[in-house]
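One chain, subunit A, appears in both complexes that follow, with subunit B as partner in the first and subunit C in the second.
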Partner chain A sequence: MLCSNLLKSNLKQLSNCLKSYSNVAAVEGQKHYLKPRQVWIENLDTIDEKKLGLIDLHPDVFAANPRIDIIHQNVRWQSLYRYVSFAHTKVRSEVRGGGRKPWPQKGMGKSRHSSIRSPMWRGGGIIHGPRSPTSHFYMLPFYTRVLGLTSTLSVKLAQDDLHIVKNLDIPTEESSFMQELVKSRNWGPSVLFVDEVDIMPRNITVATDEIKHMNLMPAYSLNVHSMLKYDTLVMTEAAVNRVISKLLEALNRNDGNAAMEKFKLDQV
Partner chain B sequence: MASLASKFRFLLKPKVIPTIEAISCRYSSFRSSPFIHDVDDSKVKYETSKDPVEWSFVERILPPKVVPNIIKKDEYLSEWRPQSEEVVNQPYFIQRNKNHMMPVYMKTSYRGMRRLTYLKKVQGDIWMLEKDLKEFLQKEQLKPIQAQVNEFVGYICFHGDYVNAIKYWLGQKGF
Partner chain C sequence: MSFVSSIVNGLKAWNPLKVPVRFRYHSEKIAKGPTIRRYGFDDNILQKGPLPKVDPSYKKLPMPEYRPKDAWSTKRALFGQNDYIDILGNDKLHPTKTLYNLPSWVRGVSGNEFQMLIRKKKIFHHRAYPINRPTKWNELNKRIIYLYKFMNRHTRTGFSKQ
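This part shows the complex of A and B:
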């Protein structure tokens, strides 16, 4: 039941993707100063690399300015929006004791005090201390998020850390195959594989299951933090096309002002 | 709250002056508008169609999700012109924004006393563009033109209001 539902949602995604292609086709017709980035399509079913073809990547997505400031804003946002600080201090009313006056107001020759838990005292309450839980949630503006993705993809491509493969089909379920492949192609220890949909081929799923620094990700969850976390980003051709169409749609959307409106907590 | 409202309902009712019939009354209180009710209760008859030909007519009136591409014409009724196709061969390039307009904007601050003109989306040799633009703008000005170039982000910021001048220059060059 669940599987069929997933399949249905994937088919829906696929049809949406094709639909968005037709939407973005209009954008493709524009003249560009920057040339499209040409990248080899490689294979994944043998350890030795074979070049299967070339793909043209849209300059708006893969030749954007390497805005490290925007990338930093995205990474910071991604770590902060889900962070809840549980640091907690007690105020004078919450510290145990301190109910009675330690000594009379007058006649002792000492300064006047009403409680031994006043913030003046050692072991007393803390004023303006951290109170738990403190949410650090905030929303980054829509176009800062879009620019973060295009910048990071461009940076990854410029640094030769982005590879495009035909698909994620590998012949065995052995994890040694993936390790050897990554080693022979100099992809660095950690690799992120991105496919278009979230149901991956079985072999690569089993092979990378035990390897903690190789992970699989669907195109819809591609994000700045993960792209920077892994040494190499390996995307399938379908995933690249989907990412390009989605980002171009975001960059050229008709209701840009609606996207830039203040984030509402109850929005869908 | 509801009971309170019902108690003072007679006060909230719109008053109609019966003697002068020519004066129209709008009843523009929220109470005068009908309540939302379920579609099934509606008396209006409708039928559900799954005909793709009929759906194409619906799609035609839906707003496009992305800004549509320009349609090239021999002459345009407004002052707007599309970007010339030869400009891609120049050492610098100014990309039109998504609405196919020139990315020249003015920012005012200090109660409108400071005017900054921004030329955005510059690609290629931004320093040569600044030199050329300064040369053009200086002809009409007594004071020296001050500009800040941000090569990393790709914009030039001019001190002063030169929006129309820059747009004119860009139009002349075909950008």
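This part shows the complex of A and C:
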């Protein structure tokens, strides 16, 4: 009974998205042992906060056991998978010059050498130095990334760093409005505003443009690193529903085996 | 006979009232202080006390000026933005497909230098690279030949996949 109310807002979206995963709605409706997490819906119109209603958040997404090790793995993956080191050193064959034998083998009283660019020489090649480009790419398993997202969202909610708003409409373009709002509500210096789509209302875009530590993101851009970097996460109702439905889709999909196969570049 | 007489003479010289003694009471010895050893040795290394004042005209060692990085520049504020786009957005768009700023043969691959060079050669050998960059192409090929010999003859290659 609790859970049927819980999923009213989400089921529609769920059923739209999950044509091939028709068992999800049935499964989610059966979970009477999980209590939904209830959160206030606040407003952004005025500096003082007004509570406009309540929203139920699915416990699989917002009440997951916070796995700190999985969160760490996700943050490390995000930092490294795109990183390519372009440090480069020349090997003795690549250094300019060094083709001729500098002096005869015997008779000079000098030590024997065959090239002035051998690694023993000053200005010679480097033997085992960095060779560009060195990629640090790897993929985390699919469900590790999903678990990272659910853990971080749960952590944000549990630590009172998650706020849900009706929409991102504010009355003025002034950035001082945002500063005062955030300060009066104790929202933490850095705030991440998440909406459902990437086209945002004009006022908030202009207001947060000047402030470096307040940024806007669409729902599909949400990630573990950003959620940890920003002190407060402010999501619109639509964004929250979108994220919940996408994560439930990921958690309940039928072809999980396919998703957990080893990553092959050509098969993506 | 002679040694017996020498013993007797020694015994006569020994007077029990005159005994050689270093100190009467141990506390007197302690009160004197520690025995000076290595007398006249001058230890030049400062063991205690304030540091000596250095002449300001002395050149200080160079240290770079500390410049903290801007933690909220656009790049850093939005780092990791679309890494979960295949979960939260389009199923078909894998994060490796968003690596626009990387060289094309490096996107979504990892390996040692030998594997990366072979991949680069496979991608570019029928394009303009050998004609536009002949020296670099030659270096690439030389490096592949050298690495083949080094990796297969001088390092452990791991288990065979047969």
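For the reader, a short list of remarks on this structure follows.
Here is the rule we use: the second predicted complex is superposed on the first by the 233 of 268 C-alpha atoms of A that agree within 3 Å, B and C clash if a C-alpha of one lies under 4 Å from a C-alpha of the other, contacts with A are read in each partner's own complex, and residues count from 1 in each chain.
Going forward, a contact is a pair of C-beta atoms (placed from the backbone, for glycine too) under 8 Å apart; a residue touches a chain by one contact, two chains touch by 3 or more.
The model shown is predicted, which means the values in this text are computed figures rather than measured ones.
When the two complexes are overlaid on their common chain A, residue A:His128 makes contact with neither subunit B nor subunit C. In the superposition on chain A, A:Leu251 contacts subunit B only, with no contact to subunit C.
Of the two partner chains, subunit C is the only one that A:Lys212 touches; subunit B does not reach it. In the superposition on chain A, A:Lys262 contacts neither subunit B nor subunit C. When the shared chain is aligned, subunit C comes close enough to touch A:Glu94, but subunit B does not.
One of subunit B and subunit C touches more residues of subunit A, and that partner is C. Judged by the touch definition given at the top, the superposed model places A:Val243 against subunit C, while subunit B stays out of reach. No residue of subunit A touches both subunit B in one complex and subunit C in the other. Residues of subunit C touching subunit A in their complex: 70, 72-73, 77-85, 87-90, 94-97, 99, 102-103, 106-111, 113, 116, 139, 142-143, 146. Of all residues in subunit A, those touching subunit B in their complex are 20, 23-24, 26-27, 29-34, 65, 67, 248-249, 251-254, 256.
Subunit A meets subunit C in the complex at residues 77-79, 81-82, 84, 91, 93-94, 131, 133-139, 142, 145-146, 149, 190, 212-213, 215, 217, 219-226, 229, 242-243, 246-247, 250, 265, 268.
Contact residues on subunit B toward subunit A in their complex (touch as defined above): 63-69, 83, 85, 87-88, 93, 95-96, 98, 123-124, 152-154.
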